[in-house]
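Consider the two complexes below, in which subunit A is the common component and subunit B and subunit C are the respective partners.
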Partner chain A sequence: MAIGVTTTPEKSKPSGSIINDPQVRGIFYQVITLVVLAAFVYWVADNTIENLKRANIASGYGFLNGRAGFDVGQSLIAFTSDSTYQRALLVGLLNTLLVAICGIFTATIIGFAVGIGRLSHNWLIAKLSLTYVEVFRNIPPLLVIFFWYSGVLAILPQPRESAALPLNMFLNNRGLAFPKPILGDGWQYTLFALVIAIVASIAVARFAHKKQDATGQRFPILWTVLGLVIGLPLLTFFATGSPITFDVPVAGKFNLTGGSVIGPEFLSLFLALSFYTAAFIAEIVRAGIRGVSKGQTEAAHALGIRPRLTTRLVVVPQALRIIIPPLTSQYLNLTKNSSLAVAIGYADLVAVGGTILNQTGQAIEVVTIWIVVYLSLSLATSLFMNWFNARMALVER
Partner chain B sequence: MTTHQATFVRASMIEASSPPIAEGGLVRWLRKNLFATPKDTVLTIISLLVLAWLVPPAIQWLFLDAAWTGGGRGVCATVAQGGAQPEGWSGACWAFVNAKLDQFVYGRYPLEERWRPTLVGILFVLLLVPMLIPKVPYKSINAILLFAVLPIVSLILLPGGWFGLTFVETPLWGGLMVTLILSFVGIAVSLPLGILLALGRRSHMPVIKMLCTAFIELVRGIPLITVLFMASVMLPLFLPQGVTFDKFLRALIGVSLFASAYMAEVVRGGLQAIPKGQYEGADSLGLSYWQKMNLIVLPQALKLVIPGIVNTFIGLFKDTSLVSIIGMFDLLGIVRFNFTDANWASSVTPISGLIFAGFIFWLFCFGMSRYSGFMERVLDTAHKR
Partner chain C sequence: MARRILTALVGAAVMGIGTQAASGATLDDVKAKGFVQCGVNTGLAGFAAPDASGNWSGFDVDYCKAIAAAIFADGSKVKYTPTSAKERFPALQSGEVDVLARNTTWTINRDTALGFNFRPVNYYDGQGFMVRKSLNVKSALELSGAAVCVQTGTTTELNLADYFKSNNLQYNPVVFEKLEEVNAAYDAGRCDVYTTDQSGLYSLRLTLSKPDDHMILPEIISKEPLGPAVRQGDDQWYDIVSWVHYALIQAEEFGITQANVEEMKKSTNPDVQRFLGVEADSKIGTDLGLTNEWAVNVIKAVGNYGEVFDRNIGAGSPLKIERGLNALWNKGGIQYAPPVR
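What follows is the complex of A and B.
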């Protein structure tokens, strides 16, 4: 609206010049943006089609059924060089998920420990935690990966001089060898028992909650659930005659035989991602706990609630509310950082995709697959965490 | 009434007695901070044991046993490995870092032309330092010199090809120089672009809003390495035949676009934190959209999100190390490249090189985070709770 133009209160039509009407201007700008964008997309598409025609690359996803012709170092499902590209990408995706889930699990544990450590009254613990955070936060994750890969794991002893670890595990420069479980007849019953135990635990938790709401009496949920989840499968396991045996790695003259081996690629990626992300999680946890006002603790103490219960019932639930949203983005960051696997040759989605890209030249298709997969992973994680967050969030009017 | 006869009146004050030994000095500090409860005591003892187990060997390895000088792998390998060190020796190989330091800074930039990056570096420091100290005047001239004149000067000096300077192609660039150029350009591009994207995302025009949101969410959803692959593999496909982009420039575009999406989200947080009354107040004064943003909203919003902005800068600085995956030699890339040098191949070379690179990255990132804390205190003029 131009200054100085008098408008009537009812204002049936815009007065003043049409050039100064913000709505008309808005539409004008948007039309211009759309036209420029359309022209740009047309130009890019035209160039791309031209370039692809010249390079003799057929666009489309037909190449996915072709023979891969390369091997991957570590795979969760059966894969040979005769498998299709499609299967190779699936192997990559599974490897990405594997390292991301393992990393998230460990990073959460280390992060919470360090974050709580930073708030400790113990001077030494607080300073050590601070040092950990400041060191790992300020170093590129790629460098941490290389540190483990070419700095630490590469100078471990040769296989024939493997370092023996407890539980029949061996560590050498080809990775970590550990006993491989062999499933005998009837192992399904143990799994079945575990499922039953989990279902029963949920039922017990519900019952306990109702009971507390009705009578005010607290039911020892933790111990019951622990007993159920650990005890029931163990009982079934022994009742069915211990159907799982272990193939123990044995140190031979030159190499280890038997057992399973986790490659140094996975180990270094996993360790680096865990340690790196843990530093960020620690800061989030610290901020979350600090964010709960001291009045809450004092009020709980004034009500006569014991310190341990105060932490569990008053501080932690409120802190989690602050912690969860940024924690989600750290989990997503870890998943995205797992793509750094390509630098050390761990066959994750990006590494496998890169190999396929080099072999077939199907750049657009491979990049599209990357984008779709990572976007869906992000979306799935944030949907889950939003659901969790909604359950945790303060119920307000 | 009888008057009480005072039998004893103290004429002077008693000397203050020293507090109980448990309540003062070192003992009190120890009791309060290290041995307050049995649990604390256990934790302290465990940490002390861990420290005693880790720190002396680390110092031994890093400093006392380290090979500081020497001209080849001999100084960093044991006799059995063909070197000069006694059997069982292990220590940092700083001689390797020492010998390769020039390369770590300049990459494979021609020796006789290295005065050019050095000159740019000196100019950069001379312009940056007064920019960072709040009390130094002439900030606007300084900013123009730093963000407009210096890039042009660098564009002439670094690649050369003009005014009789020999042309140095970008594959020869490397080391800390590349890391710093990438981060400086990334920072200088991503902040304004991020602000524009954030404003676009909060715009009332649906088309602009949708485009900005789509761009931000798309870029934030995928890893940087795929963006870099896109820049290095897909960009040539999009351009007409014959038009080629320099690889360095492509990485630069990738890194800048990636960082600007993150910056946009940080700035959006600041924009959302500004009360609606500020926007409405600016509107009622008759300010135009850009006046409203430049004079009223952005100064407040950006001040609020300084920690977030600096975090994005630090993230960007660390992320520049990823260009080594697409075959460029930034600091990390050139350090790793030198592991293959047969003249220096030994079992401790990689870890020494990586520790050195890590220390350099750490210095820059830690410096940035410290400076952001300082800036927060300087700008914290109001709204103190």
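What follows is the complex of A and C.
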């Protein structure tokens, strides 16, 4: 936000004194504002340091290397009570990222589906979509989280009466347990095959594009790519003798043991954030599609482009330009809303940071870390979306 | 939540008033305000819980009342700030509360690095485990593989990690910030085990939907000396809070109760006379910055230590906790007051 003097009169010589010069005045006000702001920041910082000193509270980030002493229920990386506070924060950050990325992915899919559903000519689909949007958009996210968490806990069976699902999966109020894949010798070949398939797909796509530019002939690119990416690794997998076994969950004394578990805390937070944010994304998508003038569709039809291609090549690219900027805000909101995890005991950055804050008493340091991390996450998301937006923008010649 | 801590921080930073009190002015500050701002639990039956009409009662609440009575001769001059385990320390550090009477364990870290002072231990506690009877568990050593509900930001959380590690047991911690959330999760069967101070377990069991289905395991895995905490650097205020506790103990030792305190003033025992401030030229209260009647006022407001204990958590309450370590030193416990002389 640049506070600038917007209009400068064209070469009109200041008739009176310098005090009446709008340009000088503009600069003067800005300088005053800056000085007041700087003085305020200095005053707050100085008071804080003084008061910390008086209360005998040491400050600094040295505490991060201390032994954490507590355990974390959900962790993507190895963590024990012997690990450092730093690693505990990393565990929290990864958990935040996990729920944010999964949430953004699902919210986008549900949001697009519901948004398009609202424009449907089918009365039932349109009204259901409308109800969905109005319900979820008008409930505070914390309530949605509680709804899922209490719902999940109350409805799911106790561990001893776990519901058996297909593929050796089990569902109880401790979460969803599923077989953990254990990779045997030779699984690297499958990974290698996948990399080759992806590289080949990119090459094929380039070739197809060039061919269409040169001759106007189109190449069945989708099927080729699908065949490559799925077929090649699958062939390699069987050729190397299926090098994978599964650690299946079995009933233990208290709960199922073995396998992997997705806890109810993650599930409910993930579902709540997805459903809540999807309601907003649906409205953005609807607005985006509505925003493309009907004349565009009619013009495309007049040129003889088929309806499906019209949507793909004419309507959606133009709608995306309207959709992407507000979509970015929704992604940022979802990431920030994930900090509501504390309410249901999901070990996200705020929950873990809060524990550390309490154990060490380093309130200012921990709060600063929270601010810096969320700021960085949001700025990174913004940068990515701006880049994506620039790619999608109308190319003007 | 984070907002609350931030408010406290910004409050501390911007106002600069809170911690100014640390230089010796908490008593003046409290007298000027006309009430004691007391940090208590958000709701732990027997220790600090509001009733339907918002009146607080409990063991810790009685300590708040006793401090108010010592200063104002009126135990009702207290305002309560309910704090979660996580909020309590910033609340005290920033000066939002004058004293924290909230089942807080005295540890070296809190006494030094966090900038607090603990002295009188008003309740000697230890950490225990509660399980469902249907699990057929008889000892904490059989808990390997269990999901354990625990409140974050407590010594309990740390003891739990240490105990399971030193006994080579596996567990899955399920951690919440608010006591109510831990209760609800345990009651809903999210965890097999609930761990906190044993006194807390007795209190919490009453709030479960079927208290009789749950049992408390015999093991006590830690020392949890609970007591009021104040900020470092204000010795006068620290002395007042400490001596209010000692007065409650001393009163029990002398047999002075809420009912007989006026009568006891006529006692010929010089120790009792000195304690109740009726000795000629007494300075027993003025040296503390209070009136000489302060001990009388404390006992009138809440009774002696034994009465406070029985009424809230002991034989006269639904919790029915034994005195145990909290009996007087001459009755097999370790509650002891320095001489009032």
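What we mean here is this: the second predicted complex is superposed on the first by the 378 of 397 C-alpha atoms of A that agree within 3 Å, B and C clash if a C-alpha of one lies under 4 Å from a C-alpha of the other, contacts with A are read in each partner's own complex, and residues count from 1 in each chain.
In the analysis below, contacts are C-beta pairs under 8 Å (C-beta built on N, C-alpha and C of every residue); 3 or more make two chains touch, one makes a residue touch a chain.
Computed from a predicted model, the values in this text were never measured in an experiment.
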Which of subunit B and subunit C A:N65 touches, first, second, both or neither: neither
Subunit B versus subunit C as contact partner of A:N51, first or second or both or neither: both
Which of subunit B and subunit C A:W370 touches, first, second, both or neither: both
Partner chain in contact with A:I139 - subunit B first, subunit C second, else both or neither: first
Which superposed partner A:S339 touches (first subunit B, second subunit C, both, neither): both
Subunit B versus subunit C as contact partner of A:T245, first or second or both or neither: neither
Subunit B versus subunit C as contact partner of A:R174, first or second or both or neither: second
Subunit B versus subunit C as contact partner of A:A347, first or second or both or neither: second
Which of subunit B and subunit C A:Q212 touches, first, second, both or neither: neither
Touching both subunit B and subunit C, residues of subunit A: 44, 47-48, 50-51, 54, 150, 154, 339, 342-343, 350, 354, 357, 363-364, 367, 370
Interface residues, subunit C side, partner subunit A - complex: 1-2, 5-6, 8-10, 12-14, 16, 18-20, 22-23, 85-86, 89-90, 93, 109-110, 112-115, 135, 144-147, 152-154, 157-158, 160-162, 164-165, 171-177, 181, 185, 188-190, 192, 231-233
Touching residues (chain side subunit A, partner subunit C) in the complex: 44, 47-48, 50-51, 54-58, 69-73, 80-81, 150, 153-154, 158, 173-174, 252-255, 257, 264-265, 339, 342-345, 347, 350-351, 354-355, 357-361, 363-364, 367, 370
Contact footprint of subunit B on subunit A as seen in their complex: 3, 26, 29-30, 33-34, 37, 44, 47-48, 50-52, 54, 120-125, 128, 134-135, 137-144, 146-147, 150-152, 154-155, 336-337, 339-340, 342-343, 350, 354, 357, 363-364, 367, 370-371, 374-375, 378-379
Residue numbers on subunit B that touch subunit A, as the complex places them: 33-34, 36, 40, 43-44, 47-48, 51, 204-208, 211, 218, 220-226, 229-230, 233-234, 236-241, 286, 314, 318-319, 321-322, 324-325, 332, 336, 339, 347-348, 350-351, 354-355, 357-358, 361-362, 365-366, 369
